[in-house]
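Have a look at these structures, which come just after this line.
Below, subunit A partners subunit B and then partners subunit C, in two separate complexes.
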Partner chain A sequence: MSEAMRTAPTKPNRGYGRWTPLWFLAPAVLTLFLIGIYPTLFALVTSFRRYNITRPREGFPFVGFENYIGVLTDSTFWSSLFLTAKFYVTVLPIQVVLGLIIALLLHKPGMGFLKSLARVTLVVPLATTYAVVGLIGRLIFNRDFGVANQFLGFAGFGPVDWLSTPGGAFAAIVIMDVWQWTPFCALLFLAGLSMVPGEIEEAARLETSSKLALLRHVQLPYLLPGLTAIMILRSADVLKLFDMVFVMTRGGPGSATDLISIYIQRVGFRIFDLGTASAQAILLLIITIIISRLYIRLLYREV
Partner chain B sequence: MRGKLLHAIGLAAIVVFTLFPFLWMVMASFKTQADILASPPVWFFTPTLQNYVDIFADTKVSGSILNSLIVATLSTLLSVTLATPAAFALARYDFRGKSDLWFWFISNRMTSPIVLALPVYLLAMYMNLLDTHLVLILIYLTFNIPIVVWIVTDQFKSIPPELEQAARLDGADQFTIFRKIYLPLGAPGIAVSAIFSFIFSWNELLYALVLTRRNVQTAPVVATSFMSGYELPWGKIMATGTVIVLPVTIFALIVSRHMVRGLTMGATK
Partner chain C sequence: MTFLRLDNIKKSYGDASVIKGVSFTATKGEFVVFVGPSGCGKSTLLRMIAGLEDVSEGQLYIDGKDVTYEEPAKREVSMVFQSYALYPHMNVFENMAFGLRMAKRPEAEIKAQVMEAARILQLEALLERKPRALSGGQRQRVAIGRSIVRHPKLFLFDEPLSNLDAELRSQMRVEIAKLHRSLGATMVYVTHDQVEAMTLADRIVVLRAGLVEQIGSPTELYDKPANTFVAGFIGSPKMNFINARVASAMGSSLLLEHPSFAGGKLDADTAAASRAKVGDTVIVGMRPEHLTVGTAQPVLSLTLDFAESLGGSTQLYARSEGEPVIVLASGRPELKPGDTLNLGIDPRHIYLFNAAGLAL
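Then we have the complex of A and B:
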């Protein structure tokens, strides 16, 4: 800021004009435009072309909606989306129920030290690098020396060939996802529980000794925004889920854990059919935009 | 009394549940290959530091950690520089298109990286940017800028407007107010958002996998690459995993109070 500008109080509106916000916004918006919007438009164009970079001689001709028709009639694409949905409806109830139990335990008065310890450790799974969660999964669910089979043995069950059977691999990625994301649900519910006014909760505790009644009539309304956030964010996260599953199973065995992001990655970077992969990515983006709209509509009141 | 005991058991179970997989990895990183391959798994063993000696002698691992450090640090600095002015505008002005802007930031948080990985791969290939730090630093801004904008806007909104009015009477313009009042007073929020950017950049795998080859592989990519081959070096893999996770875990503990805000883009407080 030059001295000349600073000593010019004659124009009181300087710096408060209509365009002032623009100057502050421009750096971030222009950057996101260059690295976000421009590539997305490039993907949109690519999705209308035949674009296999292993066969550059054929060129990259425009083929209209050929890629989209190909994707929408591709049963693998649909079964991958279906598998992603199945994964979502499997992990979500487990995470919500476990998360709620954890939140209630942490909300209950008493046990100061142990409670703070438990509260702090919840952050650990959330911060663990997703790829490393996959590495841990490979170790824990190893058929020969994995600790998961040792636990099964303690419970009187025989060993399971986790990662090379379809059911076992699906269960293994579900368990790792539950481990990583249950704390997220717990923290959201805990935030909701702490919003219940103290007097109301005290009064209700005097009225009834039933924990379930307390939960249903007093605490539930405060938990609902958190639950909505969990349902929407988890759905976006499951559509994004790549790292952990890629490291643990690469989508296999067969297509047992071939979630949508894994599948598109394979079409794009193993088969190098970037036209088809771009069409799939654009369809995925459309689903994501709908989810984001929902999130804004339901959870943001101030914008 | 019974209730108290159950409460204690429940809380202890939470600690075991959240820490066990993590500790199991750390334990394995101190085991010899023979101890790791033991069936059934051994819980008590003589710890060895050999795996750590091995990975720090391995230039591929140490180089990848350096790469991760460069990419995560520079992307964080850049996103803070670009996003704090935007946060100021969002906190202090009303303008047309504000809610559309929010929507755009939120969708960036939701979008699968594979959507951008495909076109960015092609664009980087044509511009000879594959396997450079720059392409990763830039692409990480797509999730770092929104997170910084959100957290810092929230922080800026909590700064009392009287301070600003007083400065205005002294003839300060908006740029001075931003620099002299908002940046210093917003520093805690800026720090928290920087830590989040660092964690997200450090943890990222898909972009790094697709956009790098030999020179700029980040730590998660190298840790993952150990997973192919016949005899897996489990001890080294788990030591690498521990080295990757440890710094971000410490960072996450520092910002644990803000974890929910960071992960939900502040929809719930």
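Then we have the complex of A and C:
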């Protein structure tokens, strides 16, 4: 270094060279490559091969789009996808409306301590592992000693066999998902509401006494970025929703809660047809990307 | 005719009392300015008139109606905020039309009102723009336009010019004054800038620490300040104060002593002389613009510290015993630091206050 300094005294010693930034980025890029990029590329390649690991003697030949054609003509794939869509359009409006109500209540001035407490409480469902949510769900909706039936009993209804009837099981996973994700919506909406400058809200209060008009015309534009984020994250999340449902119902009874990721898991790890499962996963990825782009195109606005 | 009436209005946040009982009335068409240093409660008072802050105690009447506990939107007041508070996602037209739309007026009337306001404020070319594409002065105009389209009973302004640069500020000041004249509306205006207060107001309310110090027309406040606070706040540069001692008081003649006075003594002619006692402290106030340099009969004799030339006039900083004295001299007097300044003043322009700061 001192030699270099002497021969090129005009160049300041910056303490780092051309490649220094690379070393700072390398760990993150490497990690991302190992857990994200490589598996995705592996799945992409696998999706073009016949790849059933219970029959290794047949080898893993490339078969072109055979797996994709198989998947697209598989009625179970489509019905799982349809069920997933139904699940999404059921839970999302409930979460958005409940989340918005909670956010509006927390946005009101006053009761500082209770509000901070409520905000902290909202993080608890988010911090809970999906599998644990499923375990809690199994307890809540247990036919004989679950708290859900206990409450129904107080209201004068007989016990419902939640997890072994198709409607009950679907309702149960909807309720658990709403429990887990409503707080997330509430927090994002609360952040949006606190973005509205105080004077703008006050200017509107001088012009209208309607809370609804205030929400619709003044606050809503600040909530749209959050809503877009919710819709993107939730559609990606619902498409990969696995642990909670698997623990609670294993996709049953029958195919009542057989969401797409549970079906793919069965194809990949029960039948061990990794080629088909990879094709399904890649299709899912494409669907997720298309849906996200659509949301951003249709909803997202800079305030 | 009383149009706006504040009746012993108080405001406190918990134990902290911010407004400690303010009463005043304004007639229809009057331009009232609340002025005072930061934290004096002038904005809080304005926000209470608007209904954005709750009134802790007292009564508020607009146009003969008790609106103390009325919702902001039902008071029929409009407000121009310091930050303009335009709706960022609406264009200029929508910003101005919002209040009328909320009031469910017919669309044709809304259009007519907005176009009329846009014409008055020269905003016609900008109606399609979003606020972020406007300059500070244009935003200010839109904010004013938004408040005039609704024909409110009362216009409120919360330091509307403080975010503008100096040139634009004086330009907008003139426009607001013109607007007031052409609309004939009642306006309440908050500022900490005494120049704005002096030029715009029909009546000024001087506030300090939640209390009214004095209410009066700009010239009244300038000529007859009730106390040293008002005397020091109104006028720029600030009034000079000299703490003198009463040497003798006979009839209407009050003889005051201070080393700064020429010859150590000043004979003030005042009706209040009879109330003064020998040995009392009397605060003598003299405005910088009333002091003249190089007079035959000097009142003050001081040493010049330094001079600032403003081109057409010169600010002289002189030193009396402890207290600096500022003189605004016209032209460019030939003076060096250390020179003795002999200053004269018309006896009518000498203000006298007692030790507690109240006018004698």
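Everything below uses one rule, namely that the second predicted complex is superposed on the first by the 257 of 303 C-alpha atoms of A that agree within 3 Å, B and C clash if a C-alpha of one lies under 4 Å from a C-alpha of the other, contacts with A are read in each partner's own complex, and residues count from 1 in each chain.
Just so it is clear, a contact is a pair of C-beta atoms (placed from the backbone, for glycine too) under 8 Å apart; a residue touches a chain by one contact, two chains touch by 3 or more.
Source: prediction; values computed, not measured.
Engineer: Touch test for A:Pro221: subunit B only (first), subunit C only (second), both, or neither?
Structural biologist: second
Engineer: Considering only touches as defined above, state whether A:Thr208 meets subunit B (first), subunit C (second), both or neither.
Structural biologist: second
Engineer: Could you figure out whether subunit B or subunit C reaches more residues of subunit A?
Structural biologist: The larger set of subunit A residues in touch belongs to B.
Engineer: Please work out whether A:Pro197 is in contact with subunit B alone, subunit C alone, both, or neither, and reply first, second, both or neither.
Structural biologist: In the superposition, A:Pro197 touches subunit C alone.
Engineer: Could you tell me which stretches of subunit A are touched by subunit B in one complex and by subunit C in the other?
Structural biologist: 303
Engineer: For a test of understanding, state which residues of subunit A touch subunit C in their complex under the given definition.
Structural biologist: On the subunit A side, the touching residues are 197, 199-200, 202-210, 213, 217-218, 221, 301, 303.
Engineer: Give every residue of subunit C touching subunit A within the complex, in rising order.
Structural biologist: 50-52, 71-74, 77-79, 81-83, 85-89, 98-99, 102-103, 146, 150
Engineer: Which part of subunit B faces subunit A closely enough to touch in the complex?
Structural biologist: 4, 7-8, 10-12, 14-15, 17-19, 21-22, 24-25, 28, 36-41, 81-83, 85-86, 88-90, 93, 95, 98-99, 101-104, 106-123, 125, 138-139, 141-142, 145, 149, 171, 173-179, 199, 202-203, 205-206, 209-210, 220, 223-224, 227, 234, 237-238, 241, 244-245, 248-249, 251-253, 256, 259-260, 263-264, 267-269
Engineer: Which residues of subunit A touch subunit B in the complex?
Structural biologist: Within the complex, subunit A contacts subunit B at residues 1, 5-7, 9, 14-16, 20-25, 27-29, 31-32, 35-36, 39-40, 42-43, 46, 53, 101-102, 105-106, 108, 110-111, 114-115, 117-136, 138-140, 144-147, 149-150, 153, 176, 179, 182-184, 187-188, 191-192, 225-226, 229, 233, 236, 239-240, 242-243, 246-247, 260-261, 264-265, 268-269, 274, 277-278, 281-282, 284-285, 288-289, 291-293, 295-296, 299-300, 303.
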